[in-house]
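My structure is below; once you've seen it, I'll send some questions.
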Amino acid sequence: MFPKNTWYVACTPDEIDGKPLGRTVCNEKIVFFRAEEGKVAAVEDFCPHRGAPLSLGFVRDGQLVCGYHGLEMSCSGKCSSMPGQRVRGFPSIRAYPVEERHGFIWVWTGDAEQADPALIPELHWANDPAWAYGGGLYHVGCDYRLMVDNLMDLTHETYVHASSIGQPEIEESAPETKVDGDEVITSRYMENISAPPFWQAALRGNNLPDDQPVDRWQVCRFTPPSHVLIDVGVALAGKGGIDAPAEFKASSTVVDFITPETDTSIWYFWGMARNFNPEDQELTDRIREGQGTIFAEDLEILEAQQQNLLKYPDRKLLMLNIDGGGVQARRVIDRILKEEQSASPSTSAKAG
Amino acid sequence: MFPKNTWYVACTPDEIDGKPLGRTVCNEKIVFFRAEEGKVAAVEDFCPHRGAPLSLGFVRDGQLVCGYHGLEMSCSGKCSSMPGQRVRGFPSIRAYPVEERHGFIWVWTGDAEQADPALIPELHWANDPAWAYGGGLYHVGCDYRLMVDNLMDLTHETYVHASSIGQPEIEESAPETKVDGDEVITSRYMENISAPPFWQAALRGNNLPDDQPVDRWQVCRFTPPSHVLIDVGVALAGKGGIDAPAEFKASSTVVDFITPETDTSIWYFWGMARNFNPEDQELTDRIREGQGTIFAEDLEILEAQQQNLLKYPDRKLLMLNIDGGGVQARRVIDRILKEEQSASPSTSAKAG
Amino acid sequence: MFPKNTWYVACTPDEIDGKPLGRTVCNEKIVFFRAEEGKVAAVEDFCPHRGAPLSLGFVRDGQLVCGYHGLEMSCSGKCSSMPGQRVRGFPSIRAYPVEERHGFIWVWTGDAEQADPALIPELHWANDPAWAYGGGLYHVGCDYRLMVDNLMDLTHETYVHASSIGQPEIEESAPETKVDGDEVITSRYMENISAPPFWQAALRGNNLPDDQPVDRWQVCRFTPPSHVLIDVGVALAGKGGIDAPAEFKASSTVVDFITPETDTSIWYFWGMARNFNPEDQELTDRIREGQGTIFAEDLEILEAQQQNLLKYPDRKLLMLNIDGGGVQARRVIDRILKEEQSASPSTSAKAG
């Protein structure tokens, strides 16, 4: 159960560099490729000739060529040619609205008529030279909502990431959750604490001392369908915390785009955008590596949690104050799912 | 859905050399072994004592001995003895008609009464010293009919086997399909072209120049249930093509016996029979190695195609002129399936 | 289908040394850990907060701490604390009766009210310095009753363990089975035979000649739910066999505790208790290694047998005299299952 009339991150541009990419999104097998003039395209990964996945083929002159018998597919899902054949009467396959923006490729698996590119979230840091971004992709065997829960309750850092970003003060500071339309914001502020190892390194990366008391903040912002952007940082204690001048702090935005693959698996695009030393590629790489290691620590527990929930589907879970962000995010998701169902019952039924 | 009252290739003699072989054919678990006087035998792979697979046991004096408690099974499916037991009242297991012929072991999983060895296809090259044969076995996760389609439409060579036997001229020459009783023949002729790498090597193997224009042919012959023999070759251009004298051509027969394991997997026995330099074992080995590499290129696409068809079972596929061979072959298969069902509804039901 | 109101071996103490252990027993996911004062505890492996497996967490001061958000679980299944939370109203999870005894940890997955520790079998050798014990654990993909059958019919040694403990004389000597209440005893005696390799080594380990005729015995004792203890040994021929004075024999007790994991998989605790040279740890290790190798030989055939029975569920198996022990053991099990069902239909239904 996931919203369909929405943009999901499907892949990054490097994944379709010179070759098509087959990827299941929202239970649909889709092939992504660069069509004419380098424009990104997405069609069903199913050749109308004999059903072979088009993603096993190759791209030639902006057409996707089936690797089995050479049918040429255009970005519109219409067969453009086939050796020795007249293709005019060939059945088309479904083409998906797809956009390349902010360093990601976004796909819309719902009603194509509603696919307005203006609905793609604005990511100011993606197009601002004062910012740098590095990230990666994990495949995780869990419902996308379990990952939203995870990111909206950073209490888990104390346990799952004890050696890097976790510290006891996190769970000692109660988070606060508020809802603003479709956006859910969970904030936590910790004052006059010592910085954990990851943030010590970030302070050094920003030429600040790493052994002095800091104020630390985490502001998690959920927006539908399943994006979580988290403003995180530390400032030398007493300089204003999140509002401190740039020279006293190390801060960044944790980026999380969660794309359902199936009902119990996701493509998890994670990364970090920062606005200090943006031109330092070596720093970008080091941060990505560190973040990748930390975020990999979540995978085992999320997949085990999913298995437990599948085995005991009727168990009610607790909803504590720390779960507020996840709970509110699910309410937003549930409302959207309901709206989609009532707007177009037949489409939703197919979408299942 | 596969014909049952027919002979399938079960294995090659080397596979039962000194030990039994457990293999599922047409959804039935069967154990093959050499019984008395070296005669091949096939019985259910299920010990009537406690249900252990007999194929984990061993052969002693022509009896198949269960590796668990020593029950001795005869080629007839009757228990011949067991240590410390009177076996006269023991239940029998099913024995399958089985024949060793033409270098293969053939099994009949349908009604044993109809199992006439005369129905095993005649393979003239298998017993003719002017011919040599080399081949191998692949396990492939697809319906046997997808492999028949593959072999009856060699257009795919241009895409799947681009570096060895594929060449653009294949798809530029329309194939022709005709049906002769149960036999389906799809032929393609290409004139005055350059030989692709595999055939250049074959020309050299037959002491012919490899850099001159050739005429090339492919004559695919399907016979039920799922045998495809393909006459292929090249002759120096203008010497008569497929009918050219032997000293001007390199030709051979591609041999394909496709045995259903389950509804979506097969045992694929492939090989090549040739009538030039038959005594050159080193050439046989080299051809087999080359063919094995080429035929392995089909596996990924066939298995991916099968997965696509399982995910979208209601999609209609195209039937183009190039698909004529496969389409006609399926008509023959469908007719046989229908005949089997109407002849013996209860047996067919069991066979499912 | 397994008895629930009974004690099963869940694990050995070393498996919960310093960390919790997640293990499925009788289809229930359970976490075992050392609670306050080192007492063993067992609760559902499901954190009431968000459903993560508690076994991925850690033990602190006798409490099991969830590795996701720090909920602290007590041995009773009640949440004892959680950072920043009042836990009084938290739902409890199920706690299982569990006992540490005889070097094993025993769990009761049925009605806790009936869990009387006095029902744990008495294992005299486990607490007697005149005896030594060594053993191991195998995970096997078969119904627990197939393993009981295996152990109650040692005829299979001649085939499965031909190079170690098997010998033709086993199948030449008819076994005798008798039932004494819930206990089933199958005995086999062989006189004046040569000792197979494993027993030659044991004779040497007990400073006896290994090249003289011996009397050999195997007395298999099944007790519910699925314990099989086997008195085995050899004595120099004519000295009284199983009743021979200690200086003329090498004997031991094969220990088999079979714990259902699921309907078609088990945790198989195997070992050997001996009363010669008990202080010789090196001998214990050597025997364990030898036994581990021998018992591993059963796994392939048991798992293949299970697959065969799943594929052909309606086949009737033979019940020969050699199967008497297994057949009688199943009768005892069936009676207990029936009793459990009639005593508490609702519990049994849940237990399925």
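For reference, chains read A, B and C in written order, and residue numbers begin at 1 within each chain.
The criterion applied here is as follows: a residue touches a chain if its C-beta (ideal position, glycine included) is under 8 Å from a C-beta of that chain, and two chains touch if they have at least 3 such contacts.
Here the structure is a predicted model, which means the values were calculated and not measured.
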Matching the CA atoms of subunit B with those of subunit C requires turning by an angle in degrees, to the nearest 5, of 120
Compare the two sides of the subunit A and subunit B interface and say whether they are made mostly of the same residue numbers, over half shared, or of different ones.
different
Averaging over Cα atoms per chain, report the distance between subunit A and subunit B in Å.
48
Pull out every residue in subunit C that's touching 2 or more other chains.
none
Hey, which residues of subunit C end up touching subunit B in the complex?
149, 153, 155-156, 158-160, 168, 171-172, 174, 300-301, 304-305, 308-309, 311-312, 315-318, 320-323
Residue set of subunit A touching subunit B in the complex reads 29, 45-46, 48-53, 56-57, 65-70, 82-85, 90-91
